[in-house]
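One structure coming up, written as structure tokens, with questions to follow.
Letters A, B, C and D name the chains as they come in the text, with residue numbers starting at 1 for each one.
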Amino acid sequence: MVIIMRAGASAQEIGAVVKQIEQIGMRAHLSQGEERTIIGMVGNDRPVDRSVFELMSGVDRVVPILRPYKLASRDFKKDDTVIQISTGNGHAVKVGGQQNGLAMMAGPCAVETREQIMESARLVKAAGANILRGGAFKPRTSPYSFQGHGEEALKWLAEARQETGLAVVTEVMAPEQVPLVSAYADILQVGARNMQNYPLLNAVGLSTRPVLLKRGMMSTMEELLMAAEYILSNGNYNVMLCERGIRTFETYTRNTLDINAVPVLKSLSHLPVIVDPSHATGRWEYVTAAARAAIAAGADGLIVEVHPHPAEALSDGAQSLTPENYTRLVNQVRRVAEAVDRTV
Amino acid sequence: MVIIMRAGASAQEIGAVVKQIEQIGMRAHLSQGEERTIIGMVGNDRPVDRSVFELMSGVDRVVPILRPYKLASRDFKKDDTVIQISTGNGHAVKVGGQQNGLAMMAGPCAVETREQIMESARLVKAAGANILRGGAFKPRTSPYSFQGHGEEALKWLAEARQETGLAVVTEVMAPEQVPLVSAYADILQVGARNMQNYPLLNAVGLSTRPVLLKRGMMSTMEELLMAAEYILSNGNYNVMLCERGIRTFETYTRNTLDINAVPVLKSLSHLPVIVDPSHATGRWEYVTAAARAAIAAGADGLIVEVHPHPAEALSDGAQSLTPENYTRLVNQVRRVAEAVDRTV
Amino acid sequence: MVIIMRAGASAQEIGAVVKQIEQIGMRAHLSQGEERTIIGMVGNDRPVDRSVFELMSGVDRVVPILRPYKLASRDFKKDDTVIQISTGNGHAVKVGGQQNGLAMMAGPCAVETREQIMESARLVKAAGANILRGGAFKPRTSPYSFQGHGEEALKWLAEARQETGLAVVTEVMAPEQVPLVSAYADILQVGARNMQNYPLLNAVGLSTRPVLLKRGMMSTMEELLMAAEYILSNGNYNVMLCERGIRTFETYTRNTLDINAVPVLKSLSHLPVIVDPSHATGRWEYVTAAARAAIAAGADGLIVEVHPHPAEALSDGAQSLTPENYTRLVNQVRRVAEAVDRTV
Amino acid sequence: MVIIMRAGASAQEIGAVVKQIEQIGMRAHLSQGEERTIIGMVGNDRPVDRSVFELMSGVDRVVPILRPYKLASRDFKKDDTVIQISTGNGHAVKVGGQQNGLAMMAGPCAVETREQIMESARLVKAAGANILRGGAFKPRTSPYSFQGHGEEALKWLAEARQETGLAVVTEVMAPEQVPLVSAYADILQVGARNMQNYPLLNAVGLSTRPVLLKRGMMSTMEELLMAAEYILSNGNYNVMLCERGIRTFETYTRNTLDINAVPVLKSLSHLPVIVDPSHATGRWEYVTAAARAAIAAGADGLIVEVHPHPAEALSDGAQSLTPENYTRLVNQVRRVAEAVDRTV
């Protein structure tokens, strides 16, 4: 890190900072400007708490130099991570890497009935999806809303997997649910509201299942990468980053799809990047345009809400596509994918 | 809710909406404008998912009328909730209500050693605090940062409580920690990152300990009240709302203290409102001004980071006050409190 | 608008609202809910100030029903507006409409020298641009930064137009500059910082030149459409809306490209939508990905910063492409355009 | 500034940066870390465009060290600026400085009629105001809303000034209006939407009237200080900074009062800080709490919307106080002011 002293900091104040740097086993490097002195800290200072220095007399600001994540960074691993997702028919979907096809995740927000999820699975498979989504445990803003069917829904998902050969992604909400969800699902989803639920990140980090990590709706890309770092540092390297829209002052759409995050995350990190155009817009009529944009920007896949009968959906119906609209989306996305040398 | 049809919606589209309303057991009420038709839904539609209607043909927007929280609202309970916090010497601190003194919570961000927390407790008590804060379990952005001493720290907190007579507030991060933390602490803190961790909200809702619920840095006031509703609906009525700064585009301060939230929350809800000026500013030199503002705006208490030696703090040192500065804060806050007919 | 009364509003309070509605020549329509009364206002209430009602006793909230803009809306004009831009060689570029090619605006942020703008014009034309951008008057955050060469720069732009046949777009910063800039440029640009500079909007609204209206970095889509309404209501119907990134909490990129705005604006309005990927990302390495996304989402054109020697640029060098990179961008965008049935 | 090289930057890349620094007449200072090289630029680099360096091969980031404003900073001028405002009876109101009383600006949003402004002036004076506010030129989001009575309103304001002895503050919206408004008003207000209207900032900078500069609703504190720098650098040192709420994701209130800005601006700058609790909340019932908070935080004054008959106001009625409520506000603010050693 670099410590910027205030204009007019005394020699004593500068000396104290240097001494503090040396006390924690680093070396200090002074740069005397015309108006201010700048002190560089030499060494791997990732674990050093910068606030120690921010408090010292004469210090104006402390600027970190090293990115706080390591395992998630391109500096650490140059090549794209490719994640093998096992599917219901013994094959695998490969997610990540320019040479591999797109991960096409689709299905209803919540698993409502056995029939609904079986029907959804067949329809999204026919449209071109290779991974089935569906929530068994639902984080809901209101305690009075439908909270998911839990293990029963997991069983239905596994049945749909069996029949269609689709892999299954579903959300896990608490550390103690990880073994249960892992028993049925191919991919563990960590939801946006739980992106900084550290006990949960540690628990999925100890699992052997790939993880779909959703960006918090007001989390920076750096915080998303730090959350991924929690999982990676526990030994699970199969993490997919998911941009699902951020909260801004704009209220016409439910969230603002941060399309910049696609090329930025892919340049900062080797992990695959998935986009959720359903949450990122919140209105079904804009989902397809957002999906095309995501693939054009370089995303490795999409996760889309599709419901056989959206008007009867128990949650998030307004952002769900009908199967017909999802088929249209896949066809349009296929053409855009080819234009950027990817395939569906 | 009110359903606003598009300009030029057909009689058939309007009829379908009316039918759908009647199907879920409500009554529809049409209002034919010059350009648009508006359909009101009559009945308690809190549990109705508005997205069912947003998807229907011819519908432009759906506007909720009833606030989605009930138990947390002033409509439900007119009088200020007063929470009794038991303390180490058998007395109680009363939080909430214009007639009661301010809750003055203070202490280090993290419990680091037995000596540190004992010293902190004595110092903040001498300065005027009545509740001791200190983290045993620490949610940290980086997996490489200090994560807290866990149960050992809880024991030290209990010892400090015993000696000084201060009540203790400390964070609980996962549902399975609730019994352990409840065994030592007088108030369970739910941190900002966990404001929408629903399994945790349910768990503290089933506890008998008062809860300090911090507003998520990305959460609206309505979402904060919905999170409180989760706790209340589980039977625990002793919830304190805590404004601790929100994330905005302004980066000079760590967060933006939403001072408007103080009078707004107090008008929407009967629950006490506490302000955390330390996180809301992120820099110790602005903490005292923010604390004065909070009390002037009508807050029922403050939670402030104080460390006997801030430059050696293991976390958030830059926003911690020295004991001397905290004494100054208390003295200034006391004068402001008197100007708004409250006491310290 | 719809007026939502508080729970428990008295008959007298409701009566007063009804009377007030009738006094301004509208009709009131009551809907008596179980908990609350809702009063609809029947008639064209666009000019009615809702705050009159917000202040009345017993009123909880007032919800507008009609969109506040009219001329800019799809309701008012179903078909896409197509704007003819005259160019230096007597031809025209048509902007807007699925059947027309994309508007490809490119050039340096600021016009620095005659040589620089001539060289830029030749290079961007060769790469595939049809409109030349370049600032003669520069709004700069710092009074100490380069503010533009003014009229001299306009003359150089006109010369470049003459030689290359490109049309010219350049910013106008004050009402009194409109005649001068109109004398040289084919399109008047209103910058993001001036999106709510109403005297300027009125002045360009009285001009006969097409206008490129940039969204303010802090403005909602509705406010952008209201700013367009100012221009349209003065008689100038040739307005292009430009999404150029909004300000959010994310700081890694200079702005956040609101890609959702592309399909949303095109559905709410008949006006063409242009995207500026240079300002929306602020870093040249992400410009091409953002440009591809914009076209995939349905934009009618792009405005891109290109500088023959970006490292010597007097402003915004970091977001400028080299001519080689711009050529690459055009080639990639062409493929994406074809995938969405458009042409470059 | 400090230039942070990428991990693994070559000696050649580093050499090129050093050469570029020396070419613009600065000195380079290298600091070789374990993972990265950092290059400090020695000299007054305020006018240097950092993007020149951001573009160079091997550069990761460029961090500015010097604040970009100078005349507005506390470094430049240690003591509080005190601004003398001439009033209608030949006396002066002093704004700024702990020893001076608070600036109490009040009046209607818009000047509607002669009677309305005369009545307002008498009422706010009786309540304790010393400066009258009222808009003659109104920036309105909609072209169909009331835009102000212009010069006629200025004359009524002058008449109210004459009768009551109050000073007058009113908004100026375009450079060409400055002479006209200066002929009638004691303080020129630059509105939030015009905070980065540079021709206007230059024009008021050349005027001899004190300026009330409102913070843009999505402008950082640094940008506010840069806007002040524009005015100061033109020779007008009498600038008051006005915090009036920023735009955030919270929508319950119209804006979010950034109360942190009060102590921060006062520590970064010597200029007086005024708070506008009316716009910062947007709802009259929260104005008084916000006003108390502002003064407790250290503001030098308030600007409050008061209307003799708010329900009939032509603009912003919902945030206007009745004269009775304003009297209550002044009485409460007076007590808080005394608690922080100020006077009303």
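Observations on the model:
Convention: a contact is a pair of C-beta atoms (placed from the backbone, for glycine too) under 8 Å apart; a residue touches a chain by one contact, two chains touch by 3 or more.
It should be emphasised that the depicted structure is a prediction, and the values quoted were computed from it without experimental measurement.
Shared contact partners of subunit A and subunit C, listed by label: B, D.
The interface with the greater number of C-beta contacts, when C-D is set against A-D, is C-D. A separation of 31 Å divides the Cα centre of subunit B from that of subunit D. Each chain gets a centre from the mean of its Cα atoms; for subunit A and subunit D, those two points are 39 Å apart.
Centre-to-centre separation between subunit C and subunit D, using Cα means, comes to 27 Å. Looking at subunit B, residues 218, 247-249, 251 sit in touch with two or more other chains. Residues 20, 46-47, 49-52, 54-56, 68-69, 139-145, 147, 173-176, 193-194, 196-199, 216-219, 223, 226, 229-230, 233-234, 247, 283-284, 310-320 of subunit A are the ones that touch subunit B when the two sit in their complex. If you check the complex, the residues on subunit A that touch subunit D are 2, 4, 7, 29, 31-36, 38, 40, 42-44, 63, 65-66, 75, 218, 247-249, 251. Across the complex, subunit B meets subunit D through its residues 218, 220-222, 246, 248-253, 256-264, 267, 280-281, 285-286, 289-290, 292-298, 332, 335-336, 338-340.
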